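First chain written, first letter: the chains are A, B, C and D, and each begins at residue 1.
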């Protein structure tokens, strides 16, 4: 059934996968290499249809594995083509080696991670263990709460990546968003072309001016043929960290420009909902940050002043911004759809590190929720906040280990 | 005495009510593979339709031990099972690595090639439904030229499939064979023979897929037979280099009644956009391969 | 500007039950599209997550709201349950959570009273299967009732109008299937039998 | 109620019939055997049994007469298609249940 998408004046109705594919098309991506995996596969199918149907002038490479998908993208990006790939869970894990490589080579590849649980055992449903497990590979990570933010983030990802020469991962929840249709405003090609200048690679692959990239790089700095002292391995690595630290400005400026052109501002590292007068803050990421707003409503009706901090950019982690946002909080309840095994939810650790050394003396509670597609309802978030409130006195600032909302 | 439907072992290793689609050729093939191995097997299976056949925790519809493994590592997993059993001095079990065409031709070929070069002692079976059916039919290295799939939706696949059995034969392993779910007795004999051979053994089993290839699920057997009758699939075995045509392919070779490939292609919705030029190219490919087999066969 | 609270503007939630291949997910999406055309800002439509097998039970959900929908968790207390295959009625979760005064809409040739449901919700039935088989609305050997049942859904709940449903079908379905589907909807709308709780 | 009592520390599955539920409900047609035409029945000795051989779900018994486990038969129709004696026909489910029981 060929899909003539109904288009009301202002918007379409798209699921997350189709929103991502539209974002790739509008960004005029030139090389796509992807391998099918549930729940990402409709992205690859939709892009194949665009390419074969003449709606997107791009090379679609049906690679034999995710490891090769990213290898194709890094080299195509090295040559100067704008590239895209998409994957989930074990596909992303299989790319791990190449994730490091792409960041080290400072290549602006954009990857859509349709968040799915990691095995063993097999589970195709949603949580964020897969992308969180890749937080140390040097990629910028942006999380979408709904399908509008997916298409908008894919387009902004190219602007950001190609400005700071750092690859960007746009993460959205498998099934909960990827397979759920909702209204999405699809920007016009003209406006996207205005927003997104052509990609100018920092690499030159020209026999007339031969350069070799990513050869063996020794520990210590070394002098080149012109007598200039060049980096050692550590210096190159430092520059990657510096680029991620400085990318905050680029991310916010890109979000601002996007707002001016498309009417939806992304000049932030996280979404704030009634934080100004909140002394209790819920922290969540992805679609759970939407459900958390409903929970905040229910808690406000019960007389609690609750706000929601919906994390958008997980890397670089916006420590200073979080610090500012939480300055009036006495209780921070962090919901993680991942777990750094042996410790706690990754978001919780990042929040604690942001508050360390600050005057904020908030109690922090961490709940592990929604792993492997376990449904998380607003009323369960409310119950967790109430439980944390009752443990305020004797609980101490933090607990040794997070609490799990499960049936163990 | 040749095994047939009447004297074949009654014992089943596949329990009723598994999760495969109605008319699934994999389910039929797997049933006879396990019977031929008399259940004396440890299977290792990557993410694929077969994982779904095995079922969802805490239940499984298969009564043999099975080790699930990530998509790229079937042969490596099998190697590990063989090494472990050897280290523990456990004998008499066949380690069965069984993956689809995606898991064999594409993402898993590196691990398989290395295991074959090491001559690791397991039986590797590729059940081939010519596409990534578990994720909704995307094209694979085995998808034929001109076939529609999720990732070749309009123009159909632009390249023909790779001949994985020839690739595996090139590794100089002691036993290589092709089989087809529509000829269960031929499959049964080959698995039984492979069980007795030492070293890496490879059997390429053709398993038509009703939803993936768009034909009605009562026609699975008919489509599978048509594939052999038109030469798309050639049933043979290569034992220490000796090439022998078997079952229907042997009788077709002797009678010379190969039917035009078009008859096979037209039965399947996945070929609805195939061009005349692509049909001719496929027919040429089939004829050339058929001729090579006739020349090589020692039993004609 | 006071912040709209999402608690009391609870969206209208519909849960669809069918068997793989009957088109329950498409029905869920059509109603979401129709509601959006009628000016509802918030609509979502989602399949039940997991492998679908032809003939095996599947479900889907639609949410409709004046505001953007923030709830992403699964539907728990639907306002309406639509059952495309009456043989699914024996499963307890098919009607579980249906709100008081909600609507149960069943593809069945029997009158609602004959289904003797012990729930405080209204029941509507229509023999969509017979309508569709008369119209030869068969796909891959299965009588596809997902558009026809929308006639019964509109007749019972009136949450969206026939006109917007027909607009979605005309825009989204392949041309050669539009008229047959519109006919299926209209005919089923007519033969729908309603049984309101006293 | 906690799930700790199952004592598993990893995803360990045990064999069971009907892993995917009563798959018999998936079908929209079911096989009916005409005993007059069925070879083993006519010859009253084990013969043919191709329906047993070709059943993907092993729901056909190799007995005389043949019995089909209707709880799990998915109604694929392969047995009807391979039967050399055309003894098996597929009957639509709707026609099967008498008008009363909907």
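FYI, a residue touches a chain if its C-beta (ideal position, glycine included) is under 8 Å from a C-beta of that chain, and two chains touch if they have at least 3 such contacts.
The shown structure was predicted, so the numbers you read here are calculated from the model rather than taken from an experiment.
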Pair of chains with maximal C-beta contact number: B-D
Subunit B-subunit D separation of Cα centroids, rounded to whole Å: 25
Inter-centroid spacing, subunit B versus subunit A (mean Cα positions, whole Å): 40
Intercentroid distance (Cα basis), subunit D paired with subunit A, Å: 48
Subunit B, residues touching no fewer than two other chains: 19, 21-22, 57, 216-217
Residue numbers of subunit C (touch at least two other chains): 53-55, 141
Touching two or more other chains - residue numbers and ranges from subunit D: 11, 20-21, 23, 26-27, 74-75
Pairwise touch network: line, ring, star, complete, or other: complete
Complex interface listing, subunit C residues touching subunit D: 19-20, 53-57, 86-87, 108-110, 114-115, 129, 141-142
Subunit D - residues contacting subunit C, complex: 20-21, 23, 25-28, 74-75, 94, 102
Subunit B to subunit A touching residues, read off their complex: 47, 51, 57, 68, 70-72, 105-107, 109, 132, 134-136, 138-139, 141, 150-155
Subunit B-facing residues of subunit A, complex: 35-38, 41, 44-45, 48-49, 52-53, 60, 62, 64-65, 67, 90, 94, 119-122
Residues of subunit A that touch subunit C when the two form their complex: 1-6, 8, 11, 13, 39, 124-125, 173, 175-177, 179-183, 274, 287-288, 290-291, 293-294, 297-298, 300-301, 373, 375-378
